[in-house]
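Look for chain A in each of the two complexes below; its partner is chain B in the first and chain C in the second.
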Partner chain A sequence: MSESLHIDWTRCRGRGVCVELMAGLRRDEWGYPVVVGGGSDLPIAPGEREAAEDAVALCPLLALSFRPSSAA
Partner chain B sequence: MSEAFWALGRASGVVLLVLMTISMLLGMVTRSGRPLLHLPRFGVVLAHRNIALLSIVFLTVHVGSLLLDPYAQLRLADVLIPFGAAKSPLAVGLGTAAFDLMIAITITAMLRRWIGRRVFRAVHWASYALWPIAVLHGITNGSDGRSGPFLILSAVAAVLVVAVGAWRLTEGFVEHRRSRTEPAR
Partner chain C sequence: MTTAPTTDRRPIALDFPRLLTGSGPGYDEHLRTLGPLPDHRGLIEEVERSGLTGRGGAGFPTARKLSAMTPRGVVIANGSEGEPLSAKDEWLLRQRPHLVIDGMLATARATDAKQLHLVVGPASEAAARQAVGERRDARGIEVTVTQERFVSGEASAVVHLLTSGDALPTDHTVRLTTRGLRRKPTLVQNVETLAHIGVIARFGAAAFRSVGHPADPGTRLFSITGDVQHPGVTEAEGGTPLRSVIGVASPRSVAGVLVGGYHGTWVGREALERPLALPTMPGAIPAGAGILMVIGEGTCGVRTTAEIAEYLAAESAGQCGPCVNGLPALAELVARLAHGDRNHGLVGEVERMLTLVDGRGACHHPDGTARIVRSAMRTFAADIEAHRHGHCLAAR
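== the complex of A and B ==
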């Protein structure tokens, strides 16, 4: 089962920690993280699990979580 | 031997002043969401957390050694219940209050995923009370608390915390302040 890193934008305040840790994220012009391909779920690449765990643990707003990737 | 406990208690107290001040400063930089010189944002968060946890180690040494020091006349209850100590109850009580706050702030920070952000944040605000209480405890209760070097160290720490605290209150504290407050076009 593949997993995604989910950004809860209602909690996010755009502190930028996750963008430093995850390759597939960038900051928009207001500083909020967005998935490079669009949306709020970043599929976690095989080698990136540890970085994603760091991002979840270090998010100051507890805005990140793991989610099973949907089939879509 | 008891001299050693006294020395350890004093030395760990000075180290605590330094560590708690750095932790305060890094905590405020964490809140700003800005990198610090060459330290990236996640590095600031990690440094804040780890230095705060390191100060718990020194707090344990500080309280433990003074419990064992016969001259301090500290009882086990004085560690948790403030203002009841046999010797200088007010000055010791400030230390006890700081100890209790520090435990509460640390536990809620470690459990923040489970207790939620609101409780974590409310308790974490107590850091702004903890820090001055701890400094006051050092000055009033420390054997060298009113000596020149310790007062200079405390003053430097206070200037740094007040300066960064004042920056926290300014408009440009948080990153992307301008783009966030500009009306959308």
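== the complex of A and C ==
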């Protein structure tokens, strides 16, 4: 099953650790992560699973989680 | 900007009691006209056959939500109506509360739910409490008053209100029907949707489908406001052309109509013959929660959009960074368009800001704000160009 990295915007404060770890994220002008394809969920590319696990573990606001890509 | 429901003229005569043609608000009148609520078996299948969809705005098939419920869950009737242009839920709760209660009871029975909540705005509280107090079978219904805030009607905000007393949207990665109020399966339905279930439980799916369009069966309530002589609430069949529905409220002239409220879509005069229905109907304007705001030829659509964008920015619940930062920035750019800023890059800057807010929140507040601004850019393109050259098409 393919997975995504989900951003809980109610927790995120734009610390930016995830942006350093994931190629599919950049920062907006206020420092918050922007998913390159848009929205709140970044599909995890093959080979990025470990980086995504680091991002979830290192987010100081606990704003990241894994969710199945099919979920609406 | 709340509209007092005054209109109950209907564009189309209906053949049996629906929402406006029923009677109320008292339980005696309700029973005299409709008789007691039958102990309906197979309600979910009947709702499925009826083709009923949610009337809170999203238009999701109601039967699918009902089928997703597991036993011992929670039914929440959502009459929050945080949208200032909407008046239909308040009208229903004040004039036909027993149809809503019928829908709640029938739904709870069909899904084997054990808890019933009726969430209402402050203006409907007295009517809701009175109606619940009038009947024995409604004793299990708990009435809760929500806060007057734009995002309070979002399903997750309604659940949060009942948990914590604060109607704030939350991030939810699983459906509420799987895990909602205190982790129980939770069905949040708009009060109009439940009133239609009250009608279907009595008269059946075939009667419900006897009016409307096959792609949008039954009737819908509309809240009509703006530059009209008779603002108020009306009921029309699914698929009724925009012109007929707003005609009930007697607009003096029409330069544009905002369909779906502050999170909705602007359409111009050329859309007047298009049907208001589910987006799946070919050529339809999505009816959403049935909110129609008419602007006449003397009203500037760009300026109106700027005012709405400013209001929406202020109504951010303040939880999500892209909404907190992006909505005021977007509103500021639209205000510059409205006030005749001649900067060539302005339209492009609005487009860039739209992509920066769209889809980046726990609730749909940023997406809805992006939607109305995007539709204004399209519908009022000529006017935006006129503003850049120092005049306004509305002030001819």
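Criterion: the second predicted complex is superposed on the first by the 70 of 72 C-alpha atoms of A that agree within 3 Å, B and C clash if a C-alpha of one lies under 4 Å from a C-alpha of the other, contacts with A are read in each partner's own complex, and residues count from 1 in each chain.
Heads up, the rule we're going with is that contacts are C-beta pairs under 8 Å (C-beta built on N, C-alpha and C of every residue); 3 or more make two chains touch, one makes a residue touch a chain.
This is a predicted model, so every value here is computed, not measured.
Engineer: Does chain B (first) or chain C (second) touch A:W30, or do both, or does neither?
Structural biologist: both
Engineer: Spot which of chain B and chain C makes contact with more residues of chain A, would you?
Structural biologist: Touched residues of chain A are more numerous for C.
Engineer: With both complexes superposed on chain A, which partner does A:G39 reach: first (chain B), second (chain C), both or neither?
Structural biologist: A:G39 sits against chain C, while chain B stays out of touch.
Engineer: Output check: A:T10 vs chain B and chain C. Expected answer is one of first, second, both, neither. What do you get?
Structural biologist: A:T10 sits against chain C, while chain B stays out of touch.
Engineer: In the overlay, answer first, second, both or neither for which of chain B and chain C A:E20 touches.
Structural biologist: Only chain B; A:E20 stays clear of chain C.
Engineer: Which partner chains sit in contact with A:L61 here, chain B, chain C, both or neither? Use first/second/both/neither.
Structural biologist: First partner only, chain B.
Engineer: Residues of chain A that sit at the chain B interface in one complex and at the chain C interface in the other, please.
Structural biologist: 11, 13-14, 29-31
Engineer: Under the definition above, what is the set of chain B residues touching chain A in their complex?
Structural biologist: By the definition above, chain B touches chain A via 30-31, 33, 40-42, 45-46, 112-113, 116-117, 175-176, 179-180.
Engineer: Which positions of chain C touch chain A when the two form their complex?
Structural biologist: Contacts found on chain C: 169-171, 173-175, 319-323, 325-326, 355-356, 358-362.
Engineer: Touching chain B in the complex: which residues of chain A?
Structural biologist: Counting only chain A, the residues touching chain B are 11, 13-17, 20-21, 29-31, 54, 58, 60-62.
Engineer: Which stretch or stretches of chain A touch chain C in the complex?
Structural biologist: Going through chain A, the ones touching chain C are 6, 8-14, 28-32, 34, 38-40, 65, 67, 71-72.
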